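Think of it as A, B and C in the order they're written, each chain with its own count starting at 1.
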C-alpha cells in the first residue's frame, strides 16, 4: 500500500530509513480524571500510509489525535516519531520548541473547523506564507509565488490571493487550510474530520482533492472521521474505536466489507441503510 | 498660534492656576474641610481608600478635596503617595470572624446565629430626593442618634461559610500545600505575571475599578460565565490589624480598620476529584464598599474555572483580560495619554497615507480599489506649501 | 507634602535597587522584556512612568538631564517631566544633546549623534511587539522563549500585499542581538538605524505594563524586512524650512487655514543650534517662520530664566 509514495515527493525529502515506521504508538491512554478518553491504543504508521480512525462522537478519536500530535499529554503509553531532522524521538519528551518546529516543518494538522486553523484577519497569501516565513523564508516575491502555486493546487482562483479568508465559503476555507498546512511539504498530516461541516457536494470535491494530494505527495496521514465514505476513499487501513478503545483494525476494504466486531457491523450497516 | 502647538512652561502654570481657582469655586462659599469630607462623604472616602490601596480616611478625604471630587483622580493621588511610604511590616491575616459587626446580612438563611443586622444601608430606602437636606446645614444641628439595634455587643456572630463548612457542604478555604508556608505574594512588590494564583488575583480585584468589576459581575449573572451565586454573607465592621514585631515574637494590635466582606456561595456539581459541594467567591474591601465587595466575589468565582475544571468561555473568566484591565489608575492614564502630542507618529502616518494615495492614483498598487479616482491630487492641499 | 519630604529621585532605595537589578538583567539579555514591580508615580500611566522610574533609579547628583517629547524639549509633557526631576533631584537640566548624560525621550532619538557614556531612556507604551498578532501574554512569552517569530513577517507580508509596501511607519519591530524581537517604542522608523551598533546605552521602561528592556552599547539592532522589500526610512524631498537641514526628521506645522505648511525639524535643539550657527532654511524669512522662531526662542529664554 506504500507503492504510491515517494515518487512525487519533494526531492530533498528522501526518507532516511524507508523501512522504519514513521509513527510507533504503544499502549496509549488518556484519562480525564476518572473519565476515559482513550486507552490501550497501539499501532505503527509507515511512510506513505494513511490510517483512518472511525467511530461515533465520544469514542475517543479526537483525544487520540490530540495525544498523537503532542497537543494532549497522554496518561499512559508513548508515541515515537521518526524525524527526518533528528531521527527517532519520543513526541511527548520533546521540548515544546521542537514540537512547534515539527508542526511547521515535518507535520501538519488540518482542523475540522477551518476557522480554527486559519488566520482570518490576514490574506489567503499570508495564511499560506506563514509556515515558510516561520522557518526563515524572507523573499516576498518567492513566498507570494509559492502561495499562488498552492492556491491553484487547491483549486482556488488565484485572484483571491490577497483576499481575507473570512470572505471565503466553507469549502474554500477548508481548501485554503489544506494549502496552508501542505505548503512546507510535511511528511505526516493529522486530520480531524476534514470534511465535517461541509455540504455533501462540497465534501465530494474536497475528498477528491485530498485523495489526489495525498497520493501525489506520498503523504502519511492519520484521519479521524465519523464518515465511513471518507475513510474508504482516503485510508489504506482503518481503526474502529468505541468507548475509548480500538475494537477492530485492518485494511480498509477488509474492515468495511467484512466487519467482525458487532459495533463495526452496526456502523457499516447503518451507513448502508442510510 | 504656535504657542498652542509648542506649549511652554507658562501655559502649564496658567492651566494649573485655573484649575486651582475652579476647584475652590466661589470664594463667598466657605471651603470644605477635610473633616467634613471624611465624615459626610464616607462612601467616596471608602472607595478612594479601597482602590487607592491605602487605609487612611484623612488622606483619602484630602485627595477628594484636592481632586475636586474626581474619584479616579483622588485614587491616583493616594497611589502616588503610597509609593513614597516605607514598608515596615506585613500584618497577620485579619480575622473577620471576630469583626465588630455593624452590618451583617445573609441571603441564604432566614435566620442564623447572631441574626440578620441591616445596619447602615441605602437598601429599602425609596430613592426620593430629600429636599430637607438642602435646607439644613446653616446652623449646626444635632446628628440623628444611631438607634440601638438591641444586640448584645459581644454576641457571637459566626460566618455563614463556617456554618456550612461544619457540615462539609462548602469547600474549605485553605492555602494550597505549596503556598501554606510561603509568604503571601504581594502584587505591589512582584509584577503581575500569568497564570496568576488566587491570592494575587484577589489583590488585583481588591484594587480594581468598581465600575469595571461591577459590569463583569453583572455579565456573569446574565449568562456570560454563570456561577449561580447566593449572597452567603455580607458583613461590614471593624477588624483589628496585628503585626508580629521581630523583637517581641508575638502579635500586637496596631489599630482597627473598617472592611466589607462578601462570601458568595455558588453551585457546584462536583468534578473528577471532588463530590458535589458549594464553592466560594470572595470579596473584601478596605472601607464600606458593599457593591464592590459583591462584584469582586462574583468575578473571583468566575476566575476560578481552572481549579474547578469549568469551561472558560466568558470575558469574566478570562484572567488576562480581567486582571490586565481592572486597574483604574492604569486605565485612566493610558486612555488619557492620547491627549499627549503624537505628532511625530502622526507625521509618519500622514506621510505614509499620502504615499499610498499617490501610488493608488498612479495605479502602481496592484490592488487599487475599483473606482479609485484618476485625478488623485484632489483634497491634498497639504502637498502645496507656500 | 513639601519637596523636602521626598527622597532623592522620589523612589525609595529599595525600589531603586529592585529596578537596577531588573536593568542589569535587561542589559545582560538584550531586547528581552524583564518584568519589574513598577510603582505608581505621581505622573499618570501612559505619560512616561516607565521612563521616569528608570531615570529615577539611575540618576545621580552629577548627572545632566535632557527630556524630550516628539523630539522637542518644549512640549508640555517634556516640560512636566523635566520639572518633576528638578523638583525631586535638583540635578542640572539641559537642552543640549551633547551636554546631557541622561536623555529621557518619548517618540524620538535626537539628531545629534549620541556618544559613549550617554544613556538614552525611552518611554514605552506597549513593550510587546507580538501583541498585535497575539494578545495573550502567556503565549507571547512562550514565543519569545522559543524565538518563534514567524507571525511578525506575516504582518509585514500582509502590509505589502495590501499596500505594495511595508506600511509600518513607527514602532517598527527590530531584532536585537540576533535573538529577541523588540518594540523600539513609537519612534518613527527614521530613527531605527540610530539604534544599531550605537556607542551609547539604551534603556526602555514601560510603567503600566511593568516591563524593562535594554540595548547595550555596540549591539546589533536589525529592522525586520524582506530581501526584495528591504527596510527603508522616511525621506523628504525638502529640507527644514527654518534651518535648512536635509538629514533630520521633519514635523509639519500648519500655519494658516488655506493649506499653508512649514516643515521644520522635530528635534528643536538640533534646529536651534543650526540656526544659531547661521544655517538658513528656504522659508526662514517668511512671516510664519519668524513667528515660530520667535516663539521657540521665547520659550528657551523663559526656561533659562527659570533655571537662573
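Everything below uses one rule, namely that a residue touches a chain if its C-beta (ideal position, glycine included) is under 8 Å from a C-beta of that chain, and two chains touch if they have at least 3 such contacts.
If you're wondering where the values come from, they're calculated on a predicted model, not measured in any experiment.
Student: Which chain lies the greatest distance away from chain C when centres are computed from Cα atoms alone?
Tutor: Between chain C and every other chain, the largest centroid distance is to A.
Student: Specify the chain pair with the maximum number of C-beta contact pairs.
Tutor: So the chains sharing the most C-beta contacts are B-C.
Student: I'd like to verify one number: the distance from the centre of chain A to the centre of chain B, where each centre is the average of its C-alpha atoms, in whole angstrom.
Tutor: A distance of 48 Å separates the two centres.
Student: I'd like the Å distance between the centres of chain B and chain C, where a centre is the mean of that chain's Cα atoms.
Tutor: Between these chains, centre-to-centre, one finds 33 Å.
Student: Which chain B residues touch at least two other chains?
Tutor: Counting only residues that touch two or more other chains, chain B contributes 367.
Student: Please output the residue numbers of chain A that touch at least 2 other chains, ranges allowed.
Tutor: In chain A, 162 touch at least two other chains.
Student: Would you please write down the residue numbers of chain C that are in contact with two or more other chains?
Tutor: Expected reply: 161-162.
Student: Once bound in the complex, which stretches of chain B touch chain C?
Tutor: 1-3, 5-12, 76, 79-84, 86-87, 188-195, 320, 324, 329-330, 332-337, 340-345, 347-352, 355-356, 359, 364-367, 381-382, 384-386
Student: Quick one: in the complex, what on chain C touches chain B?
Tutor: Spelled out, the residues of chain C in touch with chain B are 1, 5-7, 10-12, 14-15, 35-42, 44-47, 49, 69-72, 74-77, 79-80, 83, 106-108, 125, 135-138, 161-165, 167, 169-171, 186-190, 208, 210-211, 234, 238, 249-253, 255, 258-263, 266, 268, 283, 286, 288, 291-292, 295-296, 298-299, 302-303, 306.
Student: So in the complex, the part of chain A that touches chain C is made up of which residues?
Tutor: Against chain C, the touching part of chain A is residues 96-97, 100, 104, 119, 122-123, 125-126, 129-131, 133-135, 138-141, 143-144, 161-162.
Student: Which residues of chain C touch chain A in their complex?
Tutor: My answer: residues 142, 145-146, 148-151, 153-155, 157-158, 160-162, 225-229.
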